[in-house]
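Each chain gets a letter, A, B, C, D, E and F, in the order it is written, and its residues are counted from 1.
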């Protein structure tokens, strides 16, 4: 997806240039993982034109595998992003209808070949929201991954504006989640998709409390028994510049809370959840028996994402580990 | 007026480019109103050269009426603005002597035609400070508006550096305010123009207390009995990046306080008072019987102005209302 | 030294342009002093190529004397600076090996001529770290200045990455400090160079306490009896954007603490210590009998440096004095 | 339409920012006319989102009337423009399918009201190419304008990539042109739409000869007897930076050739034909009895367009007239 | 003088940033000379504000002496420069009325001290055009320089828009030129100031012939017998991007023509005449007995100026000499 | 290698930002080939720091294989590039001494593994110029490629400023060329390395004649009998903006001339020779039996390079073929 944003804090109407980035849910996770040193392949469909080429080139620089990307369709999806400040929230204008990706159909990707040497499959709730074809392709992939015994993770990632093609998010996601081993969401996703609500919270007031979300995890796990690992990211929105950030991890009945980071001067909060997912998958590989380490890594990684411009989390494992050890001083390293 | 500012936080001496904006007291109010959907006409005098044309074009994009703008004189007034940071305050260097506007003379504007369908007339204390001709033209306009029964509002807007043409601010403003229905000022204006002082305050220390300013309003209303509505904006200057912002509204003996906003990462504080005035006039039309709503709207609107680059307050009514309802979380809207 | 930094908060890998500045320890102090109105000469060695010319031109604009700069050697030293944000610290990549300056040798500078009308000599611990020739030249200069009775100041400025040419920092610095009248350092320098440690502090946690550093000053003064004045800058690193900043001054047995400034939105913290040194030397000239004023001036000056882009402290004496008087409100001056 | 172009001569793949302009066939003509001082209204359909608002604001600054613009549909059409250089031609990637404008339907615009005080109606061949609804709306407008006796002009503007909705360009355009009084096209349009070919020309080799196009005009006039005035723009493409530019005007059997301008350092050639059309309409009003003046004005105006960045021709009548008088020296005016 | 120009080829109305340079007639000559290694002092009057400081700093970087610059007055003169392209000429909008310099008065500069060690005095016709005070100060300086036996050069530099203060250019310049040893002008200056005309030329058509200007030199020398050396620069304006450039030098009855340079891709032609003057003065010092070398150096130097952005001619003696030897190939030097 | 260049036509001294690109001889050829769709591996040594990472990421985006790049050494080589204009040539300041690559030693690269599936090996004369280790590594690679029967090509690429490590270019290159099958050079390389001179040419005057270089090829082939294919690029330097460009190909006694391209508005001429080499290798694969096609492709490809910013030739095969067919019109493709 092409991301176009006015420079700095300008409003759309004031912009005479747009900053150009490429990104979006799944690619953000792929870049996170590639950046931590894990081999990845990003599977999507890009138009066979110069804008699609530019997107491909952009991804490639971050070491993401692009071998299975299908080319075709008429246009690259776009989202316009206006950066908020203080009480003025960021605005996103989606322009992704009829994108190349929206025209994907089951059969277009040879998932058996894709999964040949794969050790993981990740998808997000944005994909089935895009179009019926995308939803069916997602289901196709999930089923094949499942058959091949590949662990499957899902970020619920609910986007109200996108679910327009006919079916409801709940109906589609329920079918897909049945095959998943791991699910994550933010404070609102589980409620918005499945109606499972934390007993008491006020997201708009900037207050989120970790405790309440254990209930949400358990309710979700009951609904989808295959889910062994569930994580909920917890964002406290004090202002457009200042958020708190944390998460809880629930694993087979136990829950683990990460520290709460106070992110006082946000650079770019887009892709925060994706970078958490990237950190989580890395953590699951790196610390398989240590759920606390896993969630600590994932939260530290995604807290750092808020200091990086663009959709992608361009921080190193060493930087994440330094923060996990408690050094949030931001001192100059020289 | 042409506004030239070094990009970001650069000092004048470091700048190799200047950001170009056009603005200034009255035009800022006009843009605010146009932006909220009220038809407006901005009356001024611009030089008949390419720089005047550029200014005109800049205003026009924001939907401000420019039909009564007089063209002539030799130059457009300029102000240079250096953005401060933390303890380093912003610097303004005025270069507006001999501007086209300063050469305005009574008779140059056909005020009867201007006011034909007008429902409001607003002027600020900057105008009569510029030159004797400007002061006399302002008096001419005020008198004609008064005759025609058009409500008149004034922003005291005291600028010490501008009052050089002979008469004192007090002498001139006293004559003008007699005809006004509404006046606003900041914590310092009333004292600096009329010597009316809040009992106890320390502006440079960043502390302002709403209570003290009711006294100021009442003293002002006593002096100018026509004034039914008076508002004082209250800025707490914690640093160049961090201010608090509020106001009180006094209406025929009653006073109304707005919430205090904590603006922790200011984008541009120039035009804050003007955006308050714009919000106030809009509020007076929109909530004629609800002074609390009026001041709440005006303060929320102008708090948001601090998040917008340039002199103009480019926020929508919906955005102001969202903040009035208490959502200052700055969450991404997507 | 050429300083190359990605614009804004971009990471090195994201940069398609670099901001170009020139600076470095001693030149930063020289610019500070020139800026406060004291005549200065900056002595160094620059390559006789276009990049050396550009550096020279850059310095000249800030009124630093360049008459004794030697030209020759093969390249200008470079440092790459990536600006951190929140928990992500800034990164410095040095590329100064084999710089023109590193090839300086005793005898290349005619120090007697340099010091002819000089009232002060300042050097920093970076110089002897660069190369053996630089260390020997530094010793040569220090001895001649000492013979001529010129007061000598030193900023310990320990840079672990630079001490590679053979001798240890302690060995070299001990020989040099014998001749010095004044020394400054930050919370870590004294420990890293001479092993003198504040009883209890945790720099990475953002906590520094002035009291503990009196002990450090006294230990240092005992070791180098010529030192009459010692100052320690105290930085509390809350995040890459938010630091506290203060210092203590120790003078012949008495110590003086400056106020602690809360720098909530740092623009550029590089050169903080150098700007403190510049303020200190200016203070020593301006308030010879008032150590409290001296350290207050130095801390206020260097607190303001954090609001100025680049290595140099481009603030005026008036701005420093305004802050010393307690006005940290950052209000617009117009 | 939103125009996004890499800065300078960068290729799409190299761009990290896009320059943002708004424009497109009919709006370009409207801005030309507004700029020459003629009152204009631009009729289109823009999405009711922030990007549509930004487009509207952009147009408004150039004094184009926007009162009849319909708001609705889902997205603003986009075109990506890569600037060519020397032998490398510019690339345009269209992304305008499903634009708000493409969803226009007959009945959405109240043409009777639009044409109430209109003295001219202009449309281009791009409109009916966009969608069936757009073609039908165009036909609706043309018929109503015809009934009301308003002169109608058409720029054939053939775009092969756009004619995808079912009918052929020839079929649709034939129906529309029947009502038109004036038509223009470039060297290729007439051939590509109606198969009428200049006897001998080689556009790719940069050679065009005015003489041959008289034949084309006459053939076109025979086919559409209502056409009294036909103009053909003649571009010689020596390279992406260097074109020659001229036109012939055919009026009721007589033909008039303009001078050939040698445009050696093109700034932006997009909108060249539109600026010719703008000049032509202005010329028809200004010099009603002087076809030579008309074509001279139109060619001089559009030659100057090549020196202006963006789609719009921001030159004054005085500048065009100066060039018509033969002053192409480009001397500084001071 | 502050020079503000839209970036690239943008028109004033399109600019959202201005490039910031400082320059103007005499300072341009001073920078040229300083750049060629001659010690210079630039004498002017700058306002004692931040903009004046920025101007001073800008000059200082180019090694121009600023010791005799008077500070005071209210504003720095400004000129707005829009870069032309092809047939569209550059536009200059002057905004220099009431500048600090315009308020200079005889007695403000201690010319005896200025000239103490001076070997040359240069002034241009712009100075006496600014104001009566400037004209009288110029006369004062010229007379004192004359008394002290310092050679005086003058660039006629006629600017019609500036001569507004009362007296005509001819009247004032006649009085001043009596004391001058050397005068230069362009193809138009001599005619516009003194009515001395080349027999036949058409500047706007881009044709200038060296031969005709010998006549002009002789007529001027007859009128001002002290003038021993006269030079006329010859610009052929083919377009805003493409000029030819040459000059003739007349010395005591003999004339010397320089080669004609074909400047096909002009970067910045402002300051062309000033850079010629700089080259001429340098040449007079360097090749005192070789008028052909002098004019060749001056023309080569000023031809190169057209390739340098800004008012100043930042080329080295080596680069000028390389061009004088005939190497105009523009090959990469590596 | 890191390439740092002032934006546009600014001189080094005027630059406050540098454009950042990465490139250099061999990588430029690799990108050309990758861009034409051939799989490539670029073998070099990059420092294991953030600047080395940034370089690696930059290369990767263009699809160049980076699997065999060795990491280590202390710094990335840098070159500073100032763009010339008209008669002012571009300046290159090399700062590549002690680069990571310069510290390469035989044995560091496992050439047998590198060449496992290789079909070609290319190196340039810059490599052995850098350091003795680089020369020996080059010899090591050439010998192993030779043993494995891999075709070897060499670009003589003489850089006088680089050959400082002890041996002469001639001595080293003679030993290396013995193993090569193909060699290319520009008009000067063969003379500067081996003293073989075209009978008559004047490069600085911008005149080169293809005929004379057949002699050069034959002399070279006689000296190195293994060379079957030799090409000489022919640049006519009319100015920094305007060059002609062509080449001759000599193959086993026959010679083939390509068309001469007139490149009137150069965007970036760095990497011209490398892009020729890339085109030549592609041509040798694509048209193995058609030397005329080969040289036509290589010249067309490299002519187009002059229109692309940076070191790399980012044009497609389709674009090259379009130019080969004679379409140099630079028309907009839409």
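FYI, a contact is a pair of C-beta atoms (placed from the backbone, for glycine too) under 8 Å apart; a residue touches a chain by one contact, two chains touch by 3 or more.
None of these values were measured; they are calculated from a predicted model.
The minimal number of chain-to-chain contact steps leading from chain A to chain E is 2. Any chain bridging chain E and chain F, meaning touching each of them, is among C, D; the list is complete. Taking the mean of C-alpha positions as each chain's centre, the chain lying farthest from the centre of chain A is E.
With centres set at the average Cα position, the gap from chain A to chain C is 44 Å. The multi-chain contact residues of chain C, meaning those touching 2 or more other chains, are 13, 16, 57, 91, 265. According to the touch criterion at the top of this document, the contacting chain pairs are A-B, A-C, A-D, A-F, B-C, B-D, B-E, C-E, C-F, D-E, D-F, E-F. Residue ranges on chain C touching chain A, taken from their complex, read 8-11, 13-14, 84-92, 94, 159, 161, 203-206, 237-242, 265, 269-270. Listed in rising order, the residues of chain F touching chain D in the complex are 261, 263-267, 303-304, 306-310, 314-315, 319, 323, 326-334.
The part of chain B that touches chain E in the complex is made up of residues 4, 7, 12-13, 15-20, 49-51, 53-54, 57, 74-76, 78, 80, 82, 91, 93, 95, 97-98. If you check the complex, the residues on chain C that touch chain E are 57-58, 60-63.
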